[in-house]
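This is the structure I want to talk about, given as structure tokens.
A, B and C are the chain letters, set down in written order, and residue numbers restart from 1 in every chain.
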Amino acid sequence: MGAFAPWFKMTLVLEAAVLGILTGGVYALMASGLTLIFGVMRIINVGQGALVILGAYLSFALFRSWHLDPLLSLVITMPLMFGIGVLLQIVFIRPLKTDREALSVLVTYALALGIEGVLGYVFTSNLVQLRAWYETASFAVFGFHITYVYVFGFLLCLAILGALFLVLYRTSFGGALRATMLNRTAAQLVGVDVDRVSAIAFGIGVATAAAGGVIFGITNAFNPGSHYDLISRLLTIIVLGGLGSLRGAIIAALVMLVTEDITAVVISPVWATFVFFVILIVVLIFRPQGLFGVRVRERI
Amino acid sequence: MSLLEIAELSKRFGGVVAVDGCSLAVADRSITGLIGPNGSGKTTVFNLVTGFLPRDRGEVRFKSRSIAGLGPDRIYGLGIGRTFQLARIFPRLTALENMLVPVRRAGLRAMLSHGQWRHERERAMEMLEFVEIAHVAGTVGGALSYGQRKLLELAAVMMAAPELVLLDEPAGGVNPALLEKIAEQIRKLNQQGVTFLLVEHNMPFVMNLCDEVVVLHQGKAIANGKPKEVRENPAVLDAYLGT
Amino acid sequence: MKRKALLLLPVAALAVLLPLVAPDPSTTNIAVFTMMYVGLATAWNIMGGYTGYISLGHAAFFGFGAYALGLIMVHLNITPGYGPFFLVPVVGLLTAVLAVGIGWIALRTRAATFVIVTIAFMFMMQLLAENLVKVTGGGGGLGLPYPHDWGGDFFNTPYYYAMLVLAVLGLLTSWWIRRSKFGLGLLAIRDDEDKALAVGVPTRTFKLTAYVISAVLVGMIGAVYAYYVTYIYPQFVVDPLIGISMVLMAFLGGLGTLSGPVIGALLLEPSQLEFAYRFGASRLYLVFYSAIFLIVILLLPRGIVPSVRDLIGRRRTAKGVT
């Protein structure tokens, strides 16, 4: 075994890397919604984790009542969550006029707590997981075993992110959205309805949370309290990628997850989560604006 | 003797070269104007000198000492103050409190002691009277009129007795009566020994007030001298009319 | 000024005499926690209220203080009694060191990112508490020795006074800062940080100082808390809910004011305890929390104290009184 040990470890590392890329896709999806919301409205949606869990529970409920396959349930949950997102934005975010950035953090945190409370009341704090026939099925590639679920999830993420990019860069709404992200006042001056754009952007962000929630729910056991761990990772990812940068969020998610999964194999699973934050600190010391962020001086 | 010397200063933003090997000198105790067409780099030079932007190349010397690379707070501590294009004051603080914020020496005792306050308060009220807005000392900045803010901004900057003050469009958005007041205050302060470098588009204002004028075009200084000389310089006319 | 002092006197008297006036343990228990939050909210306000930099990770310092005292007591075999209270300043010093480190990194960023970084540091602290099992006991928790000879009715009293001392310390510090040039600089940073730089305010130093001061107070309060509850678990001392409570109380009362955090704590903590007592088993108390939070932020965005001041001010001008 001695002569084979390095080789053995290498395959584990590679497997971990592949897994990291696949799960990174899921986190990229969830984080993209978060960074989009920040870019358009300059608010940090600390409730994104709770919304992901909400999406997971919605699919769970649909499965329990109608035996609807989780991935198929997205057809219902995504539009539903989009609507919820728009509603939340109009009722709770739009009224904030002064001190927007600070207050929105508190408001979204409050929403997260509210969601956690309601979910806990309805579903109790027992751990659950979304079931699907393909959840343990895997196929072999070059001696690695890759579970179908992760691949489906990854493909789904690619599809949704691709759709997102299409909307952003090929539609007029996308143009309005990007304009609002660059300069809210200027966008208003050229006739963009920033309120409407903001509401829809929030809705999109929440809809992506629904999609992420399904994949997350299939591959992880979760309960209402899981949103804390989730949001801490998502926030770390968008800071690393640079607040407001979609590209940054995706790359950061992949980098973080690959590093985490390799650390789990090479050192230990316990410290893998820790490495997440270590990367953040290192980046903040040398490049506080993140990978693709811009050093913003508000006015000069 | 040049109080401020800028040598081959350069700054680019991505593909745009804002300041391109700019060199100029500001004589001690002068009122120097910095003029030039829009986009010639005037405000960028201000930001570079006062530490708000890092320079790409070049030297900035104040009293023969290099100040390039220092932060804005250190630069104020060395004796260079500045105002902003759109007058900036602290909206939630009263006018008097605005006057008490500026820090000349950031020592621990200065920060914590309350006794020093009285001395500073008296000086602040004197300055407010000098710019004739002492009657609004207790009003919060956000409730002041634009003209009052402009005066407050200038008065506050003067609190730490800077030797050089960079004024970014002091005549901008100001009615003729106030304009005359501002010019008068600049002259008075100048007589007391303060050097001014001001960026302005209002030509009559510049011609009347300044001893020296420097013309910037596409990030470079293309002419300098007495206002009348500069006004008749063909290169200057070309720059303004050509662009 | 004189009138304010007169108002304060009965309040101060009540605060000092409370355990003698109402000695039953359930009341004094509420008093301990309420005074704890008065201190926490006031301490948080020194950073969040004055500079405008919202830290949602202060629970990290609370937990650190709790574990610091616990570990010192356990490893140095400190006999329980009044002694451990004098270790609290030591915990404060240790917290200061931690806060300088965390603050230096976190303050490299602007306001929006700062919030996230403080959250990240809090989760790191939680992870450390859970995983450094040999040191902290991990998920199993850490037990602190407690004075067995302090009888049932009397037990809460020393802890109440400890919390009171820390709360008063926090208030005095906050008051002193508010009146100083340092405090004015902090408020300037909140209004317009770049302009503050332009007039010579050393923003990095000021922000870090405010952060450390606020962290030290929170850490010391966490230490007393640990000593009071005698057994601590990672998720209940490095607890995001504690972190968010102190923020909510400061907001409710009024950011940047002196009495705001106190009023916020006095209003919220007893009701929070009451609600947790009635509905604690189910998760409904989170919904209560969430609802209060949202109502406060949407209806009273500036908090109680500034809104009341405005009201009084407006009535005065209406009546023609200057």
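Annotations for the structure displayed:
Please note the rule applied: contacts are C-beta pairs under 8 Å (C-beta built on N, C-alpha and C of every residue); 3 or more make two chains touch, one makes a residue touch a chain.
Here the structure is a predicted model, which means the values were calculated and not measured.
Chains A-C form the pair with the most C-beta pairs in contact. Central chain assignment: C. Criterion: smallest distance from chain C-alpha mean to the mean of all protein C-alpha atoms. Relative to chain A, the chain whose mean Cα position lies farthest away is B.
Rounded to a whole number, the gap between the C-alpha centres of chain A and chain B is 47 angstrom.
Taking each chain's centre as the average of its CA atoms, chain B and chain C sit 43 Å apart.
In whole angstrom, the spacing between the mean C-alpha positions of chain A and chain C is 32. The set of chain C residues touching two or more other chains comprises 194. Multi-chain contact residues, meaning those touching two or more other chains, occur in chain A at positions 297, 299-300.
Within chain B, contacts with two or more other chains are made by residues 52, 84, 88.
Note for the complex: chain C touches chain B at residues 176, 179-182, 184-185, 187-188, 190-192, 194-203, 205.
The touching residues of chain C, counted against chain A in their complex, run 52, 54, 56, 105-106, 108-113, 115-117, 119-121, 123-124, 127-128, 131, 194, 240, 244, 247-248, 251, 282-291, 293-294, 297-298, 301.
Against chain C, the residues of chain B that register as touching in their complex are 50, 52, 71-73, 76-77, 81-82, 84, 88-93, 97, 100-104, 106, 110-114, 116-117, 120, 141, 156-157, 159-160.
Listing the residues of chain A that touch chain C in their complex gives 38, 42, 44, 46, 92, 95-99, 101-103, 105-107, 109-111, 113-114, 116-121, 125, 224, 228-229, 231-232, 235-236, 238-239, 243, 270-271, 273-274, 277, 280-281, 284-285, 288-290, 296-300.
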